[in-house]
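In what follows, subunit A forms one complex with subunit B and a second complex with subunit C.
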Partner chain A sequence: MNKIYRYIIAAVLVLFLGYKSIYFKKLSEVKQLDKSGFDYDAYADTLYNKGILSEDMGVGLDELMFMIQTKPDSAFSIYGNRLGIGNSAYFMVKGNGRISAVQDGSLKILTEKGESVTLDSKYIFGNDLRDASRLVKLTDFKTNAEFNKVSEALNTLVREKVIAPTVQRLREGDKISFMGALKLNRKHLSDIEFMIIPAQITLQ
Partner chain B sequence: MTVSFNKEFLKKSQSLIALFLLCLVLSLLSDKFLTGTNLWNVLRQISVNVCISVGMTLVVLMAGIDLSVGSVLGLTAALSAGLLKNGLGFESLDLFVGFTVLGGVLVAMLVGLFLGFLNGWFITKFSIPPFVATLAMLTIARGLTMLYTQGMPISNLGSSFEFIGSGWFLGIPVPVWISAFFVLIVLFLSKKTTFGRYIYAIGGNEKAAFLSGININRVKLIVYGIAGMMASVAGILVTSRLNSAQPNAGASYELDSIAAVVIGGTSLSGGVGSVTGTVIGAAIIGVLNNGLVLLNVSPFWQQVVKGLVILVAVIIDKINQKKD
Partner chain C sequence: MMCMKKIASLLCLIVSFCFSCQNKTGTEKPKVAVVISTLNNPWFVVLAESAVKDAEALGYEAKIFDSQNNPATESDNFENLISSGFDAILFNPTDADGSVVNILKAKEAGIPVFCMDREVNADDAATSQILSDNYAGCVSIGISFVRALKEKGNYVEIIGLVGDNNTWARSGGFHSVVDKFPGLKMVAQQSGDFDRNKAMEVLETLMQAHPDIDAVFCGNDAMAMGAYQALQAAGKADKVKVFGFDGASDVIEKIREKKIVATGMQYPKVMAKTAAQYAHEYFGGRRIFPQRVPVEVELVNAANVKDYE
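And now, the complex of A and B:
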């Protein structure tokens, strides 16, 4: 008898936990609901095609470096986007060069001025592209999570639809032009590592 | 009489004394160490290792080892995050199964328990040494995590989930409550139940335990299951704190966990040790990590220091064994 009670209690507990753990909906309704909310994919698409790809977006890498060496304060205030209180700022830079190596999804580029640049074409994550564009403000969104969803959608678009198909076609020795986000630290400008999160790579 | 009592007391309390001395030295070297914010932060960080380590303690008490806990943590964390965020969709049935926070947590714990059982099953059924069986699980679980996540983090899991790792309850961080809850359960299990005595008996002398009628395989299966489940609880804490499941979450956590167990006085040859000792061991590692960061010690040196501490703990353990 005791065993039966034990089984009943266990069954009730499992049912209760199950009821509190999962819920069911029609898949079509869920998909519809996703679309009726703020469409981050569409927002990212517009941001990319009409904002980041616009002609006046980005500063030449050589021009930026010259300015960093001569007038660093101006370079940071004119071209950089600094969030919060840190020393780091994001810059949208563009340049040309030849691919010197393709390593584990990243491209090593030798620019026309002999600068060695890495395009991290595999790991396009974080807020680098969004912040380097200087087109999206935190105050445009209610929460940090919503603000970050813009990055997520933008990164996915650039990573999967723009960069991945392009990188597949690229080989060592190819001449390319690129645009992407570069993070610079105001306190460490003497030894800059040119690690760029690409927004666009074009085979010349 | 008094002298031998003092010696016994000192031997039993050596981890606690080490923790006290460490805190004393760090509070003298850094004025930030003894601030409330820092101490709560340390406790929050320790919670993760405590959860893994109490499970590991039971395994080590049985003279076993579980190298897979870090990978199990990563896999269960990714699964719960994935289910929480995306649910399960069945196109042909036009059915969507969504998961609440409780659902995500329960799935993680069940999967952790299952993977632990698998470890135990391989060890008992095929007599594979625990080191090898759990090493295989380490690789399998990490590979499955990478497959499931495609090597990318699963982020934005909602504020309710985030509360588990970042929230406060009655002025104490939620992870501290959770780890304390599990510590008490495992402590009770190991000290106040027959099952707990079986664990010590197996670790002390497996053959004698077998001859006295203990179902060794069953005990091992359950203990490895508990270790897997505790790893999944730690996974929930890590994921909710970051509000994101990282594909490499938990990498090398097994080492910190084994270190906590050893520093806490549990003998790697089994049969001797306690959960409370492990909690102190985890605290020593947590405080040491925190202190070295506060003192601006290079991360490379931090690893060297941690390694030396583990070495000293094992040497002390060996000396004690010889004396006994």
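And now, the complex of A and C:
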């Protein structure tokens, strides 16, 4: 009889410990918790409107190109931003020009100094805008995944709410001013492709 | 009197044992352990051998420990190297979460750990983490993918190890672009464990259910080679576009032959050299290191493959 009691007590104990050692949560609740932890959209909105659009943001494209040709190391250290190790750096540039062509969502621009540049308004992805702004530090976020979510939120804002509606209104021959991210590789400075990820395009 | 002598000899023994466990004497070289997730993949062999070479060039003894993609083996490796008196660890983790406990064990033993290539889910465990910028690299591949497919088609994604952060950083970067183009439909996503043979088998099976795919995106070049092999065997190598990640020499060759479309060039030698240099600086007294150091990944395709001989 004693044995039966012992087994019952042991079974109750095992069930109690088992019950206390695990718990279940709805996946939707966990996902919601992750989303609510940090508001990347609000962060990107502030970063864009109060940081990237501030008056002192960006170097003139002509000034940068002159410096790249004459003092490339200074150009990279003063205006460029490279997180970690690599040959490339991102620059926030601004300029004026006339639209010479609209091709597959991209704008071909002829600048006032006769330079031909492309505003890649279709492929606004990656870390170009975030890093060119020099406003977000790697150490501001705990993991690279979180750090990259800033880029995704910023790109979505710029691509869908800023650039897409603007580009729809633009036509060949329009005079515009622009600001955006330019990626330059130290190893290939002789054949620079002026492909700029736009942050803002304004019809003049 | 005899008792006092016994106590004195015991004390001497304890003191001499303690001194033997202390740091190296002036003539002894510090020992650096290179703990690698797996040596079954040539990419990690390059990472391991470069780390050993760089540590030796800086004047240290170095030894490779292979974790065989198994967190339990990795844990044993850490136990062994801690008890064997290694002074620093250049570490390529097997698991973003599971490896943290091993790093903390080493940290508790006063051994600095410098992660190479794979990130762990903790920013206060490793002394520093030197990591490929997988996300940005795969954003570039994603753009190349959209352009190559002209924004339309069915594709398969073969991801790497599910527990590895690189797997999701690569997949995340790729999807951050490709998912914005509704004409591109992912018909299957399956793990190939970063392994060539497994990726080949996975794609062979997937092609039975989805014979009409237009492209395959693989989370590393070993799997891209496996996928290409499967497509070749099925007579579809000319029709289906393959994309990889790593910058392995055989894939670079295939890009040159226009058989694989693009890959992301990683720099294992740069990561190994930086990790060895950081260990060297740690021995010299430096204690503040950046927690994460991203290393650029460059897109390699038919247009620029000549720059990657």
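Simple rule for what comes next: the second predicted complex is superposed on the first by the 168 of 204 C-alpha atoms of A that agree within 3 Å, B and C clash if a C-alpha of one lies under 4 Å from a C-alpha of the other, contacts with A are read in each partner's own complex, and residues count from 1 in each chain.
Everything below uses one rule, namely that contacts are C-beta pairs under 8 Å (C-beta built on N, C-alpha and C of every residue); 3 or more make two chains touch, one makes a residue touch a chain.
Keep in mind it's a predicted model, so treat the numbers as computed, not measured.
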item	value
Touched partner set for A:F125, first subunit B, second subunit C, both or neither	both
Which superposed partner A:E152 touches (first subunit B, second subunit C, both, neither)	both
Which of subunit B and subunit C A:I4 touches, first, second, both or neither	neither
Touching partner for A:G86 - first (subunit B), second (subunit C), both, neither	second
Partner chain(s) touched by A:L17 [first = subunit B, second = subunit C, both, neither]	first
Partner chain in contact with A:T139 - subunit B first, subunit C second, else both or neither	second
Overlapping contact positions on subunit A, where the subunit C interface meets the subunit B interface	125, 145, 148, 152
Complex contact set, residues of subunit A against subunit C	82-88, 123, 125-127, 138-139, 142-145, 148, 152, 155, 187
Parts of subunit B lying in touch with subunit A, wherever the complex brings them together	87, 89-91, 93-100, 102-103, 106-107, 152-153, 155-156
Residues of subunit C that touch subunit A when the two form their complex	119, 121, 123, 130-131, 133, 135-136, 139-140, 142-143, 146, 165, 168-169, 172-173, 176-177, 180, 267, 270, 274, 290-296, 298, 307
Interface residues, subunit A side, partner subunit B - complex	17, 20-30, 125, 145, 148-149, 152
